[in-house]
Structures are given as C-alpha cells and as structure tokens.
C-alpha cells in the first residue's frame, strides 16, 4: 500500500473539520493553542514513518500520558494495581464524581481523571513525585528515541492553578484510603504528566511496543509482558475516550487514547501506531477532526481489530 | 494446532468452577436448570467444529439473541437505528433505569435490556410481533443450518409472568416516544427472543458471518455489510457483558455476548466463533465457568484481537 | 381581622402572575384548561368561608387527592403503610425513577407519583379498584359536604392514555414485590383519584379535619387519630411540593400539597384551611400565582407554623 | 405543666437507648467520647430552664453550629446567600457529592457539609477566617450568656487531619466558582465551627431568639429579622437532619438540627428551645436516644408545630 498517500488522504478527509469543535478551556494555557493545527503520523513496526500536516509539532499530550504511566505502574506493582482502580467503562464524563461515591473511592478505570491519579500514586509508590516524573520522562525519551521530551512547565502551572476539580477528586479518593501518598504529591505528578509536550511522530513511535505484544518492534527487546500489553489495549478500546469510547470503537475499531490537548493515539496490533492531533474537541473531549482522520485511515487500510 | 485438545483443555480449566456462581433466578423457568452443565463449541471459518461437554444441549440463549436481532434490525433500518439506541457502555447493571432518565429514554446500548427492546421494536417496524419472531427464527435456522431451532414457550411464559421490570423499562422508553409499537407487542418479541433454545454448536455456527466480515464464511454469500459487522463486534467488545464488559475484554480480548442463561458467544475475527455454556453466573450475570474456559482458549491460541 | 379583605388582597398580589408559568401538558385533557383562572378559598375552623376569584369552579385536583387517600389508607393499614413507602423528601422530581432503583422499589414518600400509587394499592387492599374509588369519593363528599364530587372521566381517560410513565413506575415498584394488586388495577385507581374535580371551596372544607388535630372542626367528631394527622401535615410540609417543598416551607411556612392541575391546598393548624387554584405551574409543577397568593395570605395573617 | 417532671420523663424514655447507635467515628477525637452520656435541657422564653442528666456537660456541637453561622451570614449578605446555596432537602446523605455534580456546585441546602462550607465562606466574606470565627464565638457567647464558649482545638485538629472528604467537597464547590475565599481558609472556619464545645443548656439558651420570631425572648431586643428567623426554622424542619429530616418532622414535628456529636437542638416557636445530647447515632447521624427524648417531650406537651 502507498501509506504516504493514505496518510495524506486521511488528513484531507479531516480538513473539513479543521478548527471545528471546542479547544479545551479547563486550563488557560491550553485555551490559547491554535485551533487550526492538524497533524498525523503513522509509524509501522519496522519504524518506517509517514507524516502529514503538523505531525512534528509538540502539543500537550494530557491524558494520553496515562497509557505510559499505566505501563510503568504495572511493571512496579503488577496486578495489585487493580485493587485500586477498576477496568470498566464508566458511562460517565471523564471527571465525574458520581460513581466514585458508590464505588467507594475506587475509580472505574485508569483513564478517568481520578483513575489516572491513582495510577500516578502507584507509580510514585514509596518514592517521591520527582523520581516518578523522571522515570516517566526517561521511559518516553527512550521509547520515542528523543532526549528532548519534557514537561511544559507553563502548562503544568496552569493545570495546578486551575486544578480545583482534580484536587477535589484526589482528596475524595484519598478520603477512602485509596492513595498512598499525600494529595499534593499525587496531583503534582498528575498535572506534570498531563503537561508533557510531544509530537504526533514521537507519540506514535513511543507506543510501538504496544503494537508488538510488549516488545520493541524493531529490536525485539521486551518492554512490557505480552498479557499486560493486551490488557492495556483492551482498556484503551473500552475506556480510552471517556464516554465516547464506544463510539470510537464503533467507528474506528482500534485501541486508542484521547487527550484533551487534541491528540489521539491509536495502536494497530501487529502493524504499528498512529497519532493524530487537532485541538478542536467534541462534547466528550475527543479531537473532532482527529477522529475523522483515523476513521478514514482505517477505512482505507482495513486495520480494524474486528476483521 | 490440535484444536480438539485445546477445547478439551479449556473445558478442563473451567471444571473447577463448574456449578459455581448463581443460576439466573429472575424467572422461575431458568432457576431449575442443572447448574453443573458445561459445554464448549469452537467452529472455524470452514465449518470444522470442535466440541466438549454439553455442547449439543439446547439452553436458553437469553440476550445472546440480541446479536442476531441487531443484525436483522440494522438490515431493516440501517444507521437510523442509532437515533433510538446508543452505543456506549453504560457502566451500570443490565436492567438499570438510572441512565434512561438522564438520557431521556434512549438506552445506552443495544445489549442492555431496554436497548434490546428498542432493537426488537425496530425489527417489528410496521409489521407485527409474529412476523418479527418468524424472521428472527428463520435467520437463526438458516445461519445455524438447523430447522429445529425454536422458542421454549415454557420459558417465554415464565419471562412474561415475571416480567414486571422489563415491562417497566418498556413503558419508560415508550413514555419518551422511543417505541413505535405498543409495549405489549414489543415485550412479547423481547421475551420470546430471550427464550429461544439453542446449543453451543448451533450458536457458534450461526455467528460465523460475524467472523468473516459479514459473509457466510463457507460460501462467501453476503449476510451483513462488512462495516455493520465490525460495528456489531465493536459493540460486543465494549458492551457485550453489561458492567463487566471491560473485565471480559481485559481477560479474553474477544468480542462476545453473555446471556443470563449461562451462554457466552465469542467471535474470533477471521478465524471463527466459540460458544460456551455453564449456568452459574458471576455478579454481573456472565457465566463464571464459561469465562474461564474462553480465557484458557485464548491463552492457548493467542486469538486476542489485541495481538 | 377582616379575612375577606385579606383574601382579596392575596388574590390581587397573585394577579401579576395570572397566566404565567406552564399549564400541565403531560395529559391532553389538562392542557386545554384556561390558564387565566385564579381562585382562593379560606375556610376557618368554624366553617366560615372567604372566597375570591374562581374559588367555586371545579378543577382537576391531581395529586392533592393523595392527602385524602393517605388519610384513608392509614385508617386501613395503620403504621404498616410505612413498610411500603418512606417519609423523606426525595430531592428529585415527582416522577423520578432514580431513587426507586437504589431504594429497591420503596418510594421515598407518599406524594411522589410512585408513592401515591403505593398508597392507592394499600387503599385497595383486598378489595377492588371500584370499592376503593367509592370509599375515596364518599370520604370527600362527606368532608366537603357536597354530594356532587366526582371523577372527570374525560381526564381519567386522558391520564390512562398518556400514562406510559406512570405505568412504568407501577411495574417497577411491582417488580420489587411492593404492590399487592395488579398494576392495571392500581394505576386505574391512581388515574381516577387524580381526575377528581373539586373547587377551592370544596377542597379547603374537606381538609378542615387536618387543621383540628384529626377531628371535624365544627362537630368535634373524630376523623383521623391526632398523631396520624400531625404526621400527614409533617409529610405535607416536607414533601408536599416535590422538589420545591423546601422553597414552599421557606416562603409560606404551612403544610401544603400541590397538584399539577394548579391547585394548592394549605392547612393552618388550629385555624382552618386554604386552597388556591391557578393552572400555570413553575418548573417543579407548583402553581406559580397560587404560591404567591398563599405567601401574601401568610404575610398578612402571620399564620406560619414557625411563629 | 410540671416541666421538670416532663423533662425527667423524656430522659427516662430515652434511657433504653442510652449507649445504642454508633458514636461518630469520622474523626478520632469524637470516637473517644463516652457513649453513655445523656442530657436534656429545656429553656422557656422567659429563660426558665429545666435540665436532666448531662445537660451541663460541653460536647462537640458539630453541624448544629450551622444554625448560628447561617443566622450571621444572612445578616451579612441577606437573600444573596441563596444564590450560593439552595433550600431543598437533598434526599442524600450529609456528605454526598452526587447532587453537587448535577447542581453545578450549588449545595442543596445550608445543612449539608458542602452547604455549611458555602455559608462559612459567605460569613468570611472579605474578612479572614480569624475574624469570622471571632464573630461566631462572640454571637454564641452573647446569646448563651456564657463567656467561656470556645473551640475545642483538639477536635479541630482532628477534623482537619481527617478532613479529606470535606476538603474534596470544598475544592469541588470551588471548581464551580462558588467559593469567594481559598479552600484552606473556608475549611479552617468549617472545621473550627464544628469543633465548638457547648452544653445542652447553653445551646438551648443560645437558640431562644429563634423561638421568638428573631428577638431576644427575655429582652425583646431584635437579633434577626422575623422573616429570616421563620425561614431558618423552615430549613431546620425540612433539612435539619440530613436524609432523616422527614422522619424527624414526622415523629417530633419541631424545627431541629442534629450534630454528629450527638446533640439535637429543637426550637418550639413561641415557647422556647430544647437541646438533647447522647452520642450514639442512627444510620443518618442523628442521636438515637436524643430523638426518643424529644419525641416523648412533644407527646407530653403537644408542642408539635402541626397542632
């Protein structure tokens, strides 16, 4: 297949929606991003990369980061993680408090805000916030092969300043005894992981191990156990896009993860990974133009996991 | 691979759980089933079949029926179906009313009781309950190649007699104008589709078109459009097991559908279909031993969609 | 005090709101009422009556009827009634299903639709719908001293025809085993009690026993035990106006009961009863102009229970 | 009437329940209180006081404090307070988050934890936490005629240390922009007002102005406007005991306020005030023996507002 043509066509299909939707406004630093940005990167298992548009511009990866934090936390604590966070779709918006009440402080899945904070807490473990962040950054840098990946401190400060809701969630989870570390430390890691800046190319490259059953596709080096890898993909498929995860699976049929910065990371098992970026979000905070691009990509390639 | 050995091993792995869990008791006719039943059938795309245990004994397929009703309803009304029922996991038990209230009578997905009734209503369309049931039975008979498939009228009467909750759901959906047909007609189709009796072998055979992108795997005859087929599989993966759909995807990694009669149908895209039956259910009404058998089947074959 | 002047002034104060708000539209027969109607009757314990406006025109009493059905049901079954229905404000709209799910089919209070149906069911007891209705009508006729009080059959048929939501609630309650009688019989009594037509003067007169600790104020004849009477008033104060009961207590400070036909019955302990009617409702289905009239009445007389 | 005999009898009636129920355990400092404590004070409008049991022992008034903070906040900001907090019963436990989500950060009433914090925030206004606390203590000291009333700092520290849930609520309300002051300042006032120690006699005396339409019963000096006073009583009757407010109105028929320290303050309009203390709580955190004592007091005196 002429992948470059397909990537270009996917981007063209999304053109109509460029600038549509709402740019995330929950923090001021995100609200100022140019809504017209649109980029797509496809990285195959051998590392071959096909890009279009703004695929090399770094953006705020927001909760896409949780895919990687989750990988690391599973390495640290293994299946014990599931004592602290569930693995079911919530049927509720990303930041909902309702289910936390009936579920006694155990977030439904690692991809809701509260769940991501529980994952951060487990990653910190008995270390401290700084060590945890360093481990996450080292992992991303190694996976993406880019030493320059870092936290956008301006965004991180903005997250913290506008972080009343997330602080509320963290204190709430903590009130049920479901955080090991102080709330301030946990939200600090959470705000900073959300504020990491990466490009589509970097994200797709970093995610390759998820497409190769947990090994580095190019070298065959083990990164994460195969069963854990499949489970992360299952979680991405069932819960990766908040309360439009079902719609994403329905339309695109690939494990994916949306971030409110407008990025969507999608894994094509056995094949590679794709990442799209366009800041305008739909009502459920998934990139509007981004989802269209991925939909076309899958239509042209037949890469749905359901074939 | 020696599929017979794998099927036997899967059944053996489930042996420990034979008789565990609770047999569905919401209707008297189901409560009397022998909890020790355990059967598994694997049907490959060429029709080769591997069975173990009680794979040829008919049981009440309950909401597994919705997979087929949904296929037919999509043929009838196409994408307009999604105006009447959503495609998101609910995060709630199968028979929950809560979300129906906030969602104004539009069930979250076709696999919750209320959603299945909406699908039945669309299948009836401007016909009547009798015609709709006949169409469903004809479809199942043709797909399974068994003329003897029929409704267990004793179960259907029991469903109707104990059907206060489902009647409540139907009237509720109807109060929002989301049923075309009278409640009595809709629940009659719903109760009767749930009361269809089929064996593991028959169900797995009938589902083969879902494994071959919508065509009859053996003859290549189109049954359902490829896109619709993938979408049904996406719905099965994200919503096929009520509020343990995430756990099922996590453990087994295949599109599936549980029925409260103890059956689980699983589709292996490109490969075939499997069906397991064991009446003891977990808290979320998925067959306990059945899920263990499928888990082992996937571990041994690597048939997760996430590889 | 010059009560006639006060009643006139109360009506004048409400004039500004005459025709404001929304006439109940959940059933066609109510939607056609003249929204400009406005009437007020004040009946003191000795029977002296002061009227203004349309105080002698019969209207659909809707759920004001529950005050009387509740009185009769308590005579029949006593405190056992509270095994079937609670006595807490719900914090939810009158027809909400949400709490019924978590409360396992026991409505929060007798004044929500579902609770009123449970009260009807207890009134029927081991009799039939016809007998129960006759008992209720006889009670109202005797209390109001008017033989002509009857069900508006046109409204009752309209209630039944548009009754999907109430049927849903009744089936739901029934699914938890909380109805003794068939749903059809229960909703038939419920629809007919709501369809009783009475005037402000008749309602205020009929309610006098509630102002005199359960005795007929004029003759001293016992109608209901004093403790039960106080409890009905407590329920009216805390739950008589759905999810604006708190606001009504806050503004008016009297036990009252709203009906979606636009009537509000208020009891002034030790003094008498007042009834106002104006069809335009606020968002919580309490008569908008009616509440204003009662507010003024209380301001001028100081009849709040909190003084 | 022989009030001393009645007070003694009320206490005797409660004897059976002395030590029953659960002592509040949400903070360690409360969990250590002697569960056998039982005291009752009745203060008539002329100041005559009748006591029984531990009526002169100071206890943690907990959310009874909100009655007084609310009085002061209404003096400060008037009706504008109701833009920030509602006046409906919630139908939910005292510390529920669920409704805050659908109500966009506006607590249902001032007596839920979140609502009380909003009242504290309004009391602080543009001052600081220290000034607000001083004003509240001065008010209580003047009303009770006791200079020694103060915060139990050991309890306050315990509240703060175990305050994750309340911090969560405050951050949540703040995330909707419904707090003027920083969360830390608001919770500091909230924790300290809950930690004020007073005796039954002091509380009943301090509350006398609520029984006399807002004036000091003994001197006639205005304390709070009459309309505001009635409204506070309406709120106490409809929402003063969390999700058993209806039951309290039903059984006792007086405006009251429960505190999780085991105190219950009840106002008898026109007559006086009573306060009971017994640490064992029912499931809804109202003093179990305390409610029995008040029930008997009302049965013997006929002081229900519904007569």
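The first chain written gets the first letter, and so on, giving A, B, C and D; residue counts start at 1 in each chain.
Assume a contact is a pair of C-beta atoms (placed from the backbone, for glycine too) under 8 Å apart; a residue touches a chain by one contact, two chains touch by 3 or more.
Just so it is clear, the structure is predicted and the values come from calculations on it, not from any experiment.
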Both-way neighbours, i.e. chains that touch subunit D and touch subunit A: none
Most distant chain from subunit B, judged by the mean position of its C-alpha atoms: D
Repeated interface matching A-D, over half of the contact pairs identical, chosen among A-B, B-C or C-D: B-C
Where subunit C and subunit D are represented by their mean Cα positions, the distance between them in whole Å: 32
Length of the line joining the C-alpha centres of subunit B and subunit C, rounded to whole Å: 47
Distance between the centres, which are taken as Cα means, of subunit C and subunit A, whole angstrom: 55
Per-residue multi-chain contacts in subunit B, two or more chains: none
Complex interface listing, subunit C residues touching subunit B: 96-98, 100-101, 164-165, 167-172, 174-175, 183
Subunit B partner contacts - residues on subunit A that touch it in the complex: 86-92, 99, 108-109, 213, 226, 229-231, 233-235, 237-239, 243-247, 249-250, 253, 255, 269-270, 304-307
